[in-house]
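Here chain A shows up in two complexes: once beside chain B, once beside chain C.
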Partner chain A sequence: MASRKKVLLKVIILGESGVGKTSLMNQYVNKKFSNQYKATIGADFLTKEVLVDDRLVTMQIWDTAGQERFQSLGVAFYRGADCCVLVYDVNNAKSFETLESWRDEFLIQASPRGPENFPFVVIGNKIDMEESKRMISQKRAMAWCQSKGNIPYFETSAKEAINVEQAFQTIAKNALQQEVEVEIDFPDPIKIDSDTSKDFGCAC
Partner chain B sequence: MKSYDSDDISNNHGGYQKHYGDEDHTTSAWTEHRKHFFILSSAGKPIYARYGDESRISSYMGVIQALISFFADNDDTLRCINAGEHRFVFLLKAPLYLVCVSRSGESESQLRDQLGYLYAQIISVLTQSQMTKIFEQRNNFDLRGLIGGTEIFLDSLGKLMNTYPGFMLGAIQCLTMPRELRDKVGAVLGRAKCKPLLYALLVTPTQLITLLRPRTHSMHPADLHLIFNLLSGSTTFESSESWTPICLPKFNNKSFLHAYICYIAKKVCMLLISPDKDSFFEMSNVKQKVVEGLEAGGMLASLENYAAAGTRGGFSVGDTGIPGLRHFLYKSRVNVQFTMPELTEPYATTSARKRLLRQYQNMNERMHRKTRPLKLLFHVGEQETMLGWVTSGFELYAAFGPLVSKSAVVLMSNKLLKWIRKQEDSLLILNSPSFEKFK
Partner chain C sequence: MENDLLIAQMEDLELEQSTLFVQPKLLFTRPKVYVETTTNSKEGMPGFISLIETSNYEHILSWTPEAAIPGLDQDSYVDISSEGEHDSTRFVAPPRTPEALRSGSFHPSDYAVSVPLQSIYSLLVYPPRIKDRQGSIIINLNGGESLPAFYFHDDGLTKGKGLPGSPPTWGGQDLLNHLEQLVEVVGSAIEPGVYLVNASRADKINHGAASPSFPASSPPSSGVLDHPLREDSVAGGHESLYPDISSINQAGSIAAPALDAATITATGSITVEGMRRRRSLTENSRSNSPGAGHQQSASATGSPSISSPGLFSGRPRTPLPFENHIDPLVNTVKEMRWNILERFSQVARFSRDAATNILDHPITKQILPPHVQQRIQESEAAKRVMDDYDSARVYLAKWAATVADQSDKERREVQEMERLRKSSSGAGSHSAHGRSGRRINDYEDEEGPLGAFNVLDLETECTMIHHSRTDPLSPMDWFSFFDDQGRLKVSEAHVRELVFRGGIEHDIRIEVWKFFLNIYPWDSTEAERVALRASKAEEYYALKREWFDDTSVQEDEAFQEQKLRIEKDVHRTDRTISFFASETLPNFSGDFTGVGSNENLELLKDILLTYNIWAAKSPSERAASNDKTSKSLLSDASATEATSSSPVEPNLLEGYVQGMSDLLAPVFAVMGDEVMGFWAFVGLMEKTKKNFYRDQVGMQSQLETLCKMIRVLDPKLYKHLEKCEALNLFFCFRWLLIWFKREFEWVDIMRLWEVLFSDHLSTQFQLFVAMAILDKHRDIMIDHLQGFDEILKYVNDLSMTIDLEESLQNAEVLYRRLEHVADKIDTKRQEQTESSGNVADTTPEFPPALRKLLKATHLSTEMAK
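Showing the complex of A and B:
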């Protein structure tokens, strides 16, 4: 068999609208940030190659629209994800409080094998804003992550490119753990004598 | 769907340098291909792209998956999108999705048939049961690791479907040769039968010389096309005896058969198919016996001559003695076989051949349309006049010069049919032998 190709990882980004999902992705992939808010319509896709423990992998990042929740894209959309990133805005309490329902809905829709071990990563974005505006403390966020099975937690600024690289590095690393080998065995040989006869109307 | 960030893209895997594999999907060269094929898992992970690096265009795969998913939520199935001159055709074979984006002018059903062939090619490498099992275990599975090294056959299939009318006709082409010789060769194969031998074939790689089969089993043309593609897709078989597992989906999509492949003369390839994976040496012995038998009868040299002529086309349109006739396809519906003359001027270039095949495809599509199928179609085109004729026994598609009248075409077509009838037993295999005959 030929040498293996770079493994491809499907990463889904979820969270309330306006928390900066698209900005995080753009900062990570394109090293760009724009202050202008543009709502994502449906979904947006970006691809990036990353080195994880000396192994080159392709990350296929699925950025979703915050407003429309799951309904618009269909259940199948989330199928076969390798990692789910939950994003909230540290200056917006509601966006933090809804993380739980984003997580639950993802697990329902994607129905991964072993949901208790499925890799999530939580990102608290927009830490570049002034401290007085901050609504969710790091402590509170980390406590929640811990209660959900020790989800890795990052505080980032897509605007100032703080911690974005590190967060995605962890995302890639945890996603890669989903890529376990499947068992390949040769199917049973065909027993010709017991086969029912087949005729396709072909003279050959 | 914007950017791509990488400085280390290597397409060189398994020793096969994919043609067009390095093509950048943001360039016009990529978008201008007339026909793209994409294969992805139902999770939206890329498996194969006809042009470019499939992982680079994984964003497109995501879009495709999102579109399909959107409709699936309403228990609906996305089948085709027509947008300007482009046609997007979908074939959903969970856990795989296959998509064609084409401006080749081929019909929706023709393109979907082609996607079906690509699907069958993947099944021939993995079996249906194995693939289903893998994705049941892991729906995030990256299938490329498993089919790695066989993309060459998806590429060659894509190419073959643009030039070889057998896919459109659902029929196979036979090597033009005297029936007497064919029968004698078949008898040599038949007498060499050993227990684990299921099918024995001699092919040129894309024309059938003869096929020996058990009385109870025939071989579906679609499976034969996969074999033809296997042989024409790689030159590796020309140099040695090969032994490879192969699933023939129409025969049995759950299991592998094993194929012994060996060229016994230039352009003459022998395939011995067995259900027993340990029967290589028995098959090799069969080959030895067959080669000795053919040599003793002086048949091998003449086979080689006919195969060489057959690779050029077998016979020329001039042999029919019908001036004004440029080319034709004749399919015997009973035998599921077709024949055609050599492609000579004005169809000597690849682009002219593709154009002619498109003409045939248009005729074929028009005649077999579900609403109002036609028995007879006379079409005056810019560069040729075409006739299509479908009966319960045959299908005929013929190309004439551009200024031929309808009555002349009908006259010539009748004359052509008479000629084919007379030559039928060298153009087609009318009595495919079974092994039991030689017991």
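Showing the complex of A and C:
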């Protein structure tokens, strides 16, 4: 029975280098902040147990390298994702402008079933900085989110732990919904190996 | 009915058996401790947990259902638990034995249980949590049995026993504190919820709980300690190891008189027995007191310990050890562990059809004391919970790794002794690679690429391979290599080999690295090098001026973006290293306001920006500028290469890529100045730039080659990775991209990199280092890790735990092993071709990608000639 199975929600955090992906993850999971997290190379993840609608689930939160150069690794990391978090820095216009390509790239590489309904969440981070530095207004960000099928939007500060919990609650909730839908669609865990893209790996 | 244990125990006692059940004394008790039953309510059955002293001074832990205690005795229990123990010694009915638990009848008294403290092996402590306020303790016995979990319902207590106004103590903590006065309780460093009782030395080592009983100076008298039933000898054993009793923490020495006072009050006179007991208890509390080295050694090894209040004295709640958080990693690990333990207890709760609810799952075995495993029972429920619980597996894998590491060390010590023994008799050698025995089996049922090879032969031969690691190159040796013109007298190959084998002492790195990083030609004289330094400086500043002095470049959008990218990363590169730590300058970059900068960070930025200019130039442009600046150009290796090789490097034109700042920091720090830092970085990038190509082809080919290496050298690991869908080896991506920069401490990085610079055996020696690290952990991966994500997590978390020297030794041995396999295959194919005239069908060719790795050997041998 699907409901008895232990639920693991895989969440992928994407966005430009330096927008605070690692910080958000660590703030959420470990309740800690440091402004000296090294640039993420490759990928890593943390897990956290959360209650979503009275259900105990494990969130596996993947933190990835922000430089687009490393996107080709995505195939391996994105597979089986239940939710994708797009992060930008509200004080950095470019990091907002690239959200679209991060989203597209994710959909290509993760190739989820029903890409049009795949749950994304957008986070505008670093709202603790002074207002004068702000480059992207809330209005603009929300408009973009709406245009992409009403993506939930949060403004956070990983540094000051503002809104981080709330954002991840929504992420967990939407991820769980996605996971449940997948379970209903495919009651048998049939593995589909045909599309394992082999950009890398051993062909020996 | 007596339990076997109890009988054995009794036989060991000095006093007559008949006195055993005469009026036991209640030393400690706690009400509202619940045990689950099959018939009672959800909560289970309430009772008293107590520590009891029999009249022959044996100490017993017992749990008695409320309903089973006669009225009079119940008063005693209640009195003791609510009033404190100072002035009361009560006598109660003899407690039951564990036998009753299995009787199958449901009379409340049948649930009563009692065990001698000496038969307790360990306690699993589940402290109360916000959601689950009761907390519990599971007691494992020496024989492999476990008592049912005791749930401490402190809510039911009207008041705590602590000092007035202090928060009540959790019952479990209270029990631990009291237990500790009677027996030795050691917290496991690996499993902080696990407390070993009178643990053997081996158990202490396994649990990383450096035994308080074995200070380095005193050899362990394990013979004594291995007899936990002999209380006197235990105490004696401890005492002999701790001659300086006066230094013992006061808690221990105060404790015994406190109890004696109670005895006196209760009996009204001091009996001979009272005296005897005083003696025995005093010894016990001395030897078992945390003050007697326990706490000391625990804090030294980072293992938790319980700080203990004086015996029977009410104290404010003592924090449990896991509350003292140390660092984030430890925390993460601990959280995972609690998750697992929680799970065990959950499972235990819903499948309580036996008194022992410990589950049979491969990973369960790792977490439970070895003997408990005997009692492990099949449980589908447990498997279901554990099967997809990846972080639990990752955690357990780590735990297994520490245990394996320990035994590995011991094994090596034995080997070393064996070797010494043999060599003193004039024979024998040792292999750095100790796992060859295991390999033989691995090959037996594998269809590796070696096909019909007699792998057993191969394996036997390979055990004879050793590494050649030695001491670092000293300044004295280094300077002796030069003639009076400052030209190397010894061959380049010789220097490369020396550096490969031992590295370089730090003082001369600044000079030696310049040869390895293509700044100085190997055949240059001192005068040439002086000139070169000047021309290199000129060249560098010319490059730098191209952006530094040109506002149009600086205003360029692409440049700005690069600058921002670089600034972001520089400010988070090696900031813990003193060279980059200070914040003496304001930070002008937009992104990190509020965080200061320093001169060296600013120079890192400048070097990286200048490198962008350099990398954007075609090799011919570089050569031209090089010519311009250094007229009397030496046969500079990079210049030769630049003019002769393909001029196209479109891949790198896009400038800074994450990871470059990691590569720059150490070479800049070693060079100590901007100009040489830049050129050293250029030299390093020549070796690593393929890693940063836009199409990632450099990383891809390295990972593929590594994958082939695994397939040839460790088919079983290969199969496992295949099963885990992890053959892309992305978990090695960080290792190779920045040459293990994030995996080793700063000083180790320098030692590792100069070995990689040396190109002595292979120009791709990093792949052998990677293979060595995988090899070290391959058993763990195969046994415990079942998916790509688990392997990635495990490998990422190896960071800063890897032994560099061991890795380098193993890497060299693996290189030789690969070489050996290549030779074997070639010979075999040759023979087959000769005998059949047919190109070997049976033996596949040795992979060309791997043969390339071995090429450097031949090159350097040729060069040496």
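Simple rule for what comes next: the second predicted complex is superposed on the first by the 167 of 204 C-alpha atoms of A that agree within 3 Å, B and C clash if a C-alpha of one lies under 4 Å from a C-alpha of the other, contacts with A are read in each partner's own complex, and residues count from 1 in each chain.
One rule holds in what follows: a residue touches a chain if its C-beta (ideal position, glycine included) is under 8 Å from a C-beta of that chain, and two chains touch if they have at least 3 such contacts.
The shown structure was predicted, so the numbers you read here are calculated from the model rather than taken from an experiment.
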After the superposition on A, what does A:D44 contact: first (chain B), second (chain C), both or neither? both
Tell me the contact category for A:Q36 with respect to chain B and chain C: first, second, both or neither. second
Answer with first, second, both or neither: which of chain B and chain C does A:Q60 touch in the superposed model? both
With both complexes overlaid on chain A, does A:L8 touch chain B (first), chain C (second), both or neither? both
With the two structures laid over each other on chain A, which partner does A:E179 touch: chain B (first), chain C (second), both, or neither? first
Given the touch rule stated above, what does A:G18 touch, chain B (first), chain C (second), both, or neither? second
Between chain B (first) and chain C (second), which does A:K94 come into contact with in this model arrangement: first, second, both, or neither? second
Of the two partners chain B and chain C, more of chain A gets touched by chain B
Touching partner for A:F77 - first (chain B), second (chain C), both, neither: both
Classify the contacts of A:R113 with the two partner chains as first (chain B alone), second (chain C alone), both, or neither. first
Touching both chain B and chain C, residues of chain A: 4-6, 8, 30, 42-47, 49, 58, 60, 72-73, 76-77, 199-204
Residues on chain A engaged by chain B in the complex (per definition of touch): 1-8, 10, 29-30, 42-49, 56, 58, 60, 62, 71-77, 79-82, 113, 178-180, 182-184, 186-192, 195, 197-204
Seen from chain A, its contact residues with chain C in the complex are 4-6, 8, 17-18, 30, 32, 35-39, 41-47, 49, 58, 60, 65-67, 69-70, 72-73, 76-77, 91-92, 94, 129, 133, 196, 199-204
In the complex formed with chain A, which residues of chain C make contact? 328, 331-332, 336, 339, 384-385, 387-391, 449, 561, 565, 568-569, 571-573, 575, 590-593, 595, 654, 657-659, 661-662, 692, 694-696, 699-700, 703-704, 707-708, 711, 725, 727-731, 733-734, 737-738, 742, 788-789, 792-793, 796, 847, 849
Can you name the residues of chain B that touch chain A in the complex? 1-6, 8-9, 13-16, 41-46, 55-56, 58-63, 65-66, 68-73, 127, 129-130, 134, 137-142, 144-146, 148-149, 172, 198, 208, 211, 213-214, 216-221, 224, 245, 250-252, 254-257, 275-277, 334-337, 429-432
